[in-house]
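Heads up, the next two complexes both have subunit A, just with different partners, subunit B and then subunit C.
Up next is the complex of A and B:
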């Protein structure tokens, strides 16, 4: 019994990170109808930026978050204005956008190999080995901090999308961009902002990941795939959908230890994805549009 | 207030408008009538800026419009209630209306505009928290008109506001149009229901295959034998 509780808490903690990781991908897809294949590359790049800030300037990863958000928002705006903007809109641009952003990922990855080699990097903070006891289990302080940051980020995002004119305009553009123009909303500007915001969120996920895992320039591939699983499970709709998708994936992965050997737990998410796509193509929790 | 001079509009290689010209004076209710596909919707979309104009000029209060991007035109006082309503179905009625006042000047007067819209359509006040997509067709049309009014337009363009609505609701819609006109709002109305449109309008233009074929006051058009034969079936 005690073990189940510990696994459950650990799944919830993991889900917080997963939700923050998936949200950037879901937001960009919901508004621009583009699958940002560079998402994993951004996560990896941000892990390296965080590591460099820590290694060279002794900036704690969690204190580096504001810097990372600003830097990756700017990078996202740059990618949009320099590349994505020129794609044909709608279904015609779907294949091009996949190729383009996959190319961006390859470039980011190879730049990272060039600058930092393929060696695994780890960020050793002073508190990396500290732990906190919850419900009879011992959990690392870093994982708790990651969960807290992810939760605050998602809550802030929720307030932005539901309480501000800008956020409501983002949701409106996701639902019907043409009538946004008629209402006086500069749709192109919403696209730029959304791409920047989605990229900044991927950056945040990279920083959080860098405190949890070792990484090399190929890091981010399974993060992209898991993000994809989560937005499909959650149905792309709202923060709640993403959070539920992340919970389902995290619980499935964590509790899979009872059923499959440890090296197969990553596969659990994809089995889940296939099952859901076959049985409930709209996602476990409905809603295909950003609400 | 609005002057359209000889505009040509294309969809790809296909020309939709051939030298269309007309005017709308301040306080007038002008209607564009004609058959399906004649180009009425295209005219409104050109004035709203979401359909580029290849030749000719658009003047709003004497100022040329062609270089003004579409999303800036609501700020000038031009609003379009598009055909088929085009609401944001997963936003609430209140949010739909709120975003109608996105322009900075309109946002500052949003409270006043809400009062005006709720006064015109009291039903929307009761349904403010409901998702727009869950409303009936008539209620959605009210939201669409309300959203356009939230931008504090001086020229309100409406594209087929009665399309697909039950006869009783059509009556309510025309009553609202009449009331807005009586309050002094300048209105450009596109309708397939020619008899009904001419009954509320001051003047009308008959659009046929992308050109203005006939113009006159509503009485003149209603009395015109060609109009009666072609559109009223008498």
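Up next is the complex of A and C:
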């Protein structure tokens, strides 16, 4: 019984990170109708940036977050203005954007490999080993901090999207870009901003990931997959949907230890994806996101 | 190109390639590499049936390549069946495996399908790596020497594979199924309203594509005489097929053939010396092609053709 509670708390902590990780992908897809295949590459790149900041300038990963957000917002804007902008919109551009951003991912991976070799890297903070007791289980302080940061980030984003003019414009563009143009919203500027914001969120996820896991240049593939599973599970409608999707995935993964050997936990998300797609093509919660 | 002209050109090319090693002074290395390239061409064409004709980009074709290779290898190891039968059985196993994951996921369109295939590829790779009773795990499998064709002989088998793949590519593109596939690519729902069953058509194409890629896996197993799951199921293998098709011209009938030539040249001659740059180079190629010539080499040739032959003016 006690073990189940500990695993449940563990799953909730993991879900916080997952939700933050998936939101960037969901936001870009919701507004631009483009799946950012470079998402995993951005997460990996950000883990390296965080590591470099820590290693060279002794900046704590959690204090590095503002820097990472700015840097990756700029990178996102750069990718949009330099590449994505030239693709056709709509279904015709879907295949092209997929291949293009996949190419970006390969390039990022190669750059990381050239700069930092293929070795695994870990960030050893001073508090990496300290832990906190909750409900009879002990949890590392880092995981609690990651959960806190992810939750704050999601709430901030929720406020941005629902309470500000910019956020309302983003949501309006997601619904109908053509009417937005008529209403005097600069749609192109919203696209640039959204791509930057989504990339910055992936950057945040990378920083958080770097405090939890070891990483190398091929890190990010399963993060991309999990983010995708979450947006399919939860729908793109709301923060709540993303949070629920993240919870379902995290619980499935954590409790899978009872059923499958450890090396297969990565496959759990995928199996979940196929099952959900077969049973409920519209996602578990919220509106239909799939056609 | 009319059907007759196509078949004549096809037969002539096949015959020329069939006799070429017998009459031309080709070195062993080139001979073997060309044989392997035939296989890559066939696999890239097979990828294109799904990725190009239907527009369902698969990042998971390595799964079928690996299944085909390992089933063929296991059959050759455990029975006295000839290698060609083992390849075919491996291909069928791969095609069925494709249906197993493809039937539920092919109802997804575009990016959703693509990301699901990343999952398929990764899950298959993980299972194959840890299922060492079947795949030999990280130490792999060695094929029996007896009954396995030599690399020299494999040139002709590669040519047969390519010939089959080209015929299917042409046949698919020109048939009723091909029209159905373009309809699905343009608009699934409209295609459904016009009596094209998207599920059935896509299942057929994935089965064909998976079977062909699986047979290619069997060929590769015979070619290397040793296979291990990390190589057979690697993500890079799926990427390779995508690149060949994209370089040559995604969705065109013969584009992947030219793409495979470029791919093998890059791999054998440029990257032998700069192996640490290959991912970035592939990525950069993808970006450049998508931005400047989405139909790859085929698009480039068409563009040059238009430039060379001025439009005839009505007199």
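The definition used in the following text is that the second predicted complex is superposed on the first by the 287 of 291 C-alpha atoms of A that agree within 3 Å, B and C clash if a C-alpha of one lies under 4 Å from a C-alpha of the other, contacts with A are read in each partner's own complex, and residues count from 1 in each chain.
Here is the rule we go by: a residue touches a chain if its C-beta (ideal position, glycine included) is under 8 Å from a C-beta of that chain, and two chains touch if they have at least 3 such contacts.
All of these numbers come straight from a predicted model, not from anything done at the bench.
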Partners on subunit A (subunit B, subunit C) - clash or fit: fit
Partner chain in contact with A:156 - subunit B first, subunit C second, else both or neither: neither
Cα-centre angle that subunit B and subunit C span when viewed from subunit A, reported as a multiple of 10 degrees: 90
Touched partner set for A:130, first subunit B, second subunit C, both or neither: neither
Which of subunit B and subunit C A:178 touches, first, second, both or neither: first
First, second, both or neither for A:168, with subunit B first and subunit C second: first
Comparison of subunit B and subunit C by subunit A residues contacted: C
Partner chain in contact with A:187 - subunit B first, subunit C second, else both or neither: first
CA minimum distance (subunit B, subunit C), superposed complexes, angstrom: 19
Contact residues of subunit A, present in both the subunit B and the subunit C interface: 290-291
Sites on subunit B touched by subunit A in the complex: 48-50, 69-75, 79-80, 82, 86-91, 95, 98-100, 102-103, 106-107, 147-148, 151
Of subunit A, residues touching subunit B in the complex: 165, 168-169, 171-172, 175-176, 178-187, 287, 289-291
Complex contact set, residues of subunit C against subunit A: 55, 57, 59, 101, 104-105, 107-112, 114-116, 118-120, 122-123, 126-127, 130, 188-189, 235, 239, 242, 246, 250, 276-287, 290-291, 294
Subunit A residues touching subunit C - in the complex, by the definition given at the top: 29, 34-35, 37, 83, 86-87, 91, 94-96, 98-100, 102-107, 109-111, 113-114, 221-222, 224-225, 228-229, 232, 261, 263-264, 266-267, 269-271, 273-274, 277-278, 281, 290-291
